[in-house]
Amino acid sequence: MSLKQGTLDLDSHNSRLEQAIESKLFRHFITGLIIVNAVVLGVLTYEDALSTQLVRSLSWFDRAVTIIFAVEIFLKLIVYRFRFFAEGWNWFDFVVVGISLAPGSEAFSVLRAMRVLRVLRLLHVVPMLRRITEALLKSLPGMGAILAVLALLTYVGAVMATNMFGDTDNPEVLELFGDLPKSAYSLFQVMTMDGWRFEVVQKVVDDGHPYAPIFFLIFIFIASFAVLNLFIALIVDALAESQRAQTEHHLEEIDHEIDEAFEEADKERSEILTRLALLQEDIAAIKNAQDKKPTDQN
Amino acid sequence: MSLKQGTLDLDSHNSRLEQAIESKLFRHFITGLIIVNAVVLGVLTYEDALSTQLVRSLSWFDRAVTIIFAVEIFLKLIVYRFRFFAEGWNWFDFVVVGISLAPGSEAFSVLRAMRVLRVLRLLHVVPMLRRITEALLKSLPGMGAILAVLALLTYVGAVMATNMFGDTDNPEVLELFGDLPKSAYSLFQVMTMDGWRFEVVQKVVDDGHPYAPIFFLIFIFIASFAVLNLFIALIVDALAESQRAQTEHHLEEIDHEIDEAFEEADKERSEILTRLALLQEDIAAIKNAQDKKPTDQN
Amino acid sequence: MSLKQGTLDLDSHNSRLEQAIESKLFRHFITGLIIVNAVVLGVLTYEDALSTQLVRSLSWFDRAVTIIFAVEIFLKLIVYRFRFFAEGWNWFDFVVVGISLAPGSEAFSVLRAMRVLRVLRLLHVVPMLRRITEALLKSLPGMGAILAVLALLTYVGAVMATNMFGDTDNPEVLELFGDLPKSAYSLFQVMTMDGWRFEVVQKVVDDGHPYAPIFFLIFIFIASFAVLNLFIALIVDALAESQRAQTEHHLEEIDHEIDEAFEEADKERSEILTRLALLQEDIAAIKNAQDKKPTDQN
Amino acid sequence: MSLKQGTLDLDSHNSRLEQAIESKLFRHFITGLIIVNAVVLGVLTYEDALSTQLVRSLSWFDRAVTIIFAVEIFLKLIVYRFRFFAEGWNWFDFVVVGISLAPGSEAFSVLRAMRVLRVLRLLHVVPMLRRITEALLKSLPGMGAILAVLALLTYVGAVMATNMFGDTDNPEVLELFGDLPKSAYSLFQVMTMDGWRFEVVQKVVDDGHPYAPIFFLIFIFIASFAVLNLFIALIVDALAESQRAQTEHHLEEIDHEIDEAFEEADKERSEILTRLALLQEDIAAIKNAQDKKPTDQN
């Protein structure tokens, strides 16, 4: 929207192109294309069960869609130029379509698998989903700090666990705490409370660390305590924010009410004062006349 | 309730029928019947341990209850006609009783098992439960959008996982990520954090994907991050809504207060102005008289 | 506290007894006794490792504590009579101490194990814990309705699961869904998401129900959806309640402010009106005198 | 900050030292040192894969960092003296650096592993993390009471479980409920809902306690019910607190508004009254003159 308003100075060719790109019809076309593409990529996972003919057709369709998306981005680049990169979602589209166009993307299974990330474009093309994703993105900064604390706790815990439990010949414990990434991974498993006792802690205990549960219980308490509380803090913050806005609005309305009423009262009081001044003049005149009369009569 | 008010124009026969259907007695009768039916369906799960005689009796009772419920719905259809379908709960009853009446329902174990869904009628027949269920239904739209985002993430993840891990001969991994529904199911398991490490991720790692944990950790973070945050967003929304209503009410009350007080003040100021006007007249008269007197005396 | 105030009409003997029972010293004595008793009952779990002499002493001590608690309750019954049963916590003490005094409590291990429930008296004897427990009890009604809905869903699900999966010779599946309580128990396990896939659903699938996951996924979604949402509803309700009180207080304060200011203004306007009336009288007098003078002069 | 303000009375030597310690540069230096130290301690977990030379260098670096931190604390002790211990974070630094300096810290793997706790200094040295950690610490008192209730419930449950299930020869059950700490640990596992059914409850059932699930279900309901509700209570409290502050501020603003407006009105009414008084005087004078005139004329 904000991009649109700045384009009045562009030549009419661009302006017509922009109208086309931003039209409802074009967006519906792209949305439909993404959905059909999602289905095609789903069907292509059954590659082995399909006829070679069909697989080839679907692959061609997929490549065609990629090219259409690339053209869409190219057109947007023409219309918006550098402002294109001012919006995060455009970066997202750029990267996601770029992956599919990468030369090796047919050779490497990971790059080929990432083609389907294009389907996530639905998250910002469909208005209902966009509203939700943007609510998510707004809470990213708060979540970031929480994740930083959790990452620090996990790192410190992983160094300790590797030092304490990693110096062993037991392959099961080596698998769990043999090096730093393994320890961090195992501590993450403990944090998710999935099989923490018999899949992780018990193996360490059996390896000659009878007091290991104390370490893991402290870690569970601190990590889950941290998450639980930071979660609360986040809610409280979000609510306080939304309330601040409401309270402000409320305040302004009452303010306006009072201002208006007092203005009215002010006007009337001015009227009273004006009339009193007039009265005073009149009375002063009467008094004056009265004072003079006796002298006149004398 | 709203249905009732529109029936005054119906013939008295219908009106009396409606009174009967909406009576407390009838509702208590239906509630009791559902509860007894629930117990009977529970007892019938012990079919093998019961005498054939008892099973036959209970089955007859169950069929009788089904017919009573069908008659209840039929009567409501007569009374309310098309308006019957205006209320969601009536659809629910219609479908749930219809399943029991379906011809094959004795033959197919699934259809027979679904007879017990009738017991869920308690959710809207008992007022205490109805209050709760309707609170649930009110939050359905918000939950729907959240589920849509989660479904999209799961679909994209499932296509990627099938492409990356499904091309193998290992039967355990094939069971987990062999095709699209299996991958989605396994990703759902990972999302619930139940046995995610050793039942899912480790099997993929052992199948020659040492970097698979990165994929699953990203999926866990995004999915649980999404759920956690959308959950917060839902609470915040619900609270903001309930507060908006309260603030509005509050505002109206203060408004009223101020209005009343200012009205009173207005009246009194008008009184003051009126009296001042009278005074001015009087004083003008005095002044006039004074001004004339000298000329009179002249 | 409320009990105390009604005792002024009792004889002084009772009143002195009440003072003793309600004294800080007595409460500290009981608190200390509960804690020591808790430790003793903990030590007694090491029965086999202790000397017979020590076990006998600790058991005697435990019986002595039980009798002291019984006497405490007896004294309260004398002081408060029927009002004793007006407070829920007294019922709690009565039942918990009664269990220890039950004749068979030495014979049956369950009854003997329940002696330790006496330690839960700390939950209402220690003020800090009492505050928390009473907050818990206040939310019981809301939780009750939520649990009723969950219980109904579980019952209906259990009847369906028993009908669909229980008719088998597979001992593993019979253990899970062989009868109604087992099915309810297994569904509860699924609801807690502990080992739901490979410990429960997979066994049913392997027993010839390839579509069983659909049933369990629907159950997980409805049950966890219900819990999640009702949880939200509970928070929103609690907050709305606490806010309503605050808003009311806020409103009253502003109300008071405005009332006071307007009262002051009212008083001053009355003063103005009074003075205007006096002025009017004076001016009327002047006018009167002026009107009469000409006739006087005539 | 609060420490700084009280140092003006100290000699200039101390004051300059304080300036250095509290300078942004010094804090950035310490932050950088902690991060590098964290990386070094991480690299040192790969001890076996590194050259002896590198390990020795890194160990020397680590010891150097410890000494720098010790000097930092020593300088703070010189500057702030006893006020040093007024801030909790200083205690934290003192203990965490002290552990690394402890004589046996090279010999005992646990003490050596705890060296990495120094890295947690980041939690209060980096402002972004400090904000979060202090939010966490603020909720500690509330969490404390909740944990006390949970600990009491677990203790009572553990005594009961040990009494009921611990008297057996089955090694698996002895491992779970053989003594008090094991029972508490197993109940904690049940509370985290990790493998509660087949890893814990089923083993007890198979050991001849068919009704054991009743005990565990009651425990799960009470423990999770307690946590869930206390969690709600905590949120509600936090919100009520943040709102109370907002409402107060809001109230004060409206108060100020009204005060100002009424003050203005007051001033004008005083003006009106003053003028009325003058008028009255004037009129009284006129009346007086009028009253005297007739006597003058007589």
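The letters A, B, C and D name the chains in turn, as written, and every chain counts its residues from 1.
Rule of thumb we're sticking to: a residue touches a chain if its C-beta (ideal position, glycine included) is under 8 Å from a C-beta of that chain, and two chains touch if they have at least 3 such contacts.
These figures come from a predicted structure and were not determined experimentally.
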Identity of the chain that, by mean CA position, is farthest from chain D: B
Interface residue identity across copies chain A, chain B - same or different by half: different
Equivalent-chain rotation between chain C and chain B, CA atoms, steps of 5 degrees: 90
Distance from chain D to chain A - Cα centre to Cα centre, in angstrom: 27
CA centroid of chain A to CA centroid of chain C, Å: 38
Per-residue multi-chain contacts in chain B, two or more chains: 193-195, 235, 239, 243, 247, 250, 254, 258, 265, 269, 272, 276, 279, 283, 286, 290
Contacting residues of chain C [partner chain D, same complex]: 38, 41-42, 45-46, 109-110, 112-114, 116-117, 119-120, 122-123, 128-129, 131-133, 135-136, 139, 143, 185, 188-189, 192-195, 199, 231, 234-235, 238-239, 242-243, 246-247, 250, 253-254, 257-258, 261, 264-265, 268-269, 271-272, 275-276, 278-279, 282-283, 285-286, 289-290, 293, 296
Chain C contact footprint on chain D (complex, rising order): 145-146, 148-149, 152-153, 155-156, 159-160, 162-164, 166-167, 179-180, 193-198, 213, 217, 220, 225-226, 228-230, 232-233, 235-236, 239-240, 243-244, 247, 250-251, 254-255, 258-259, 262, 265-266, 269, 272-273, 276-277, 279-280, 283-284, 286-287, 290-291, 294
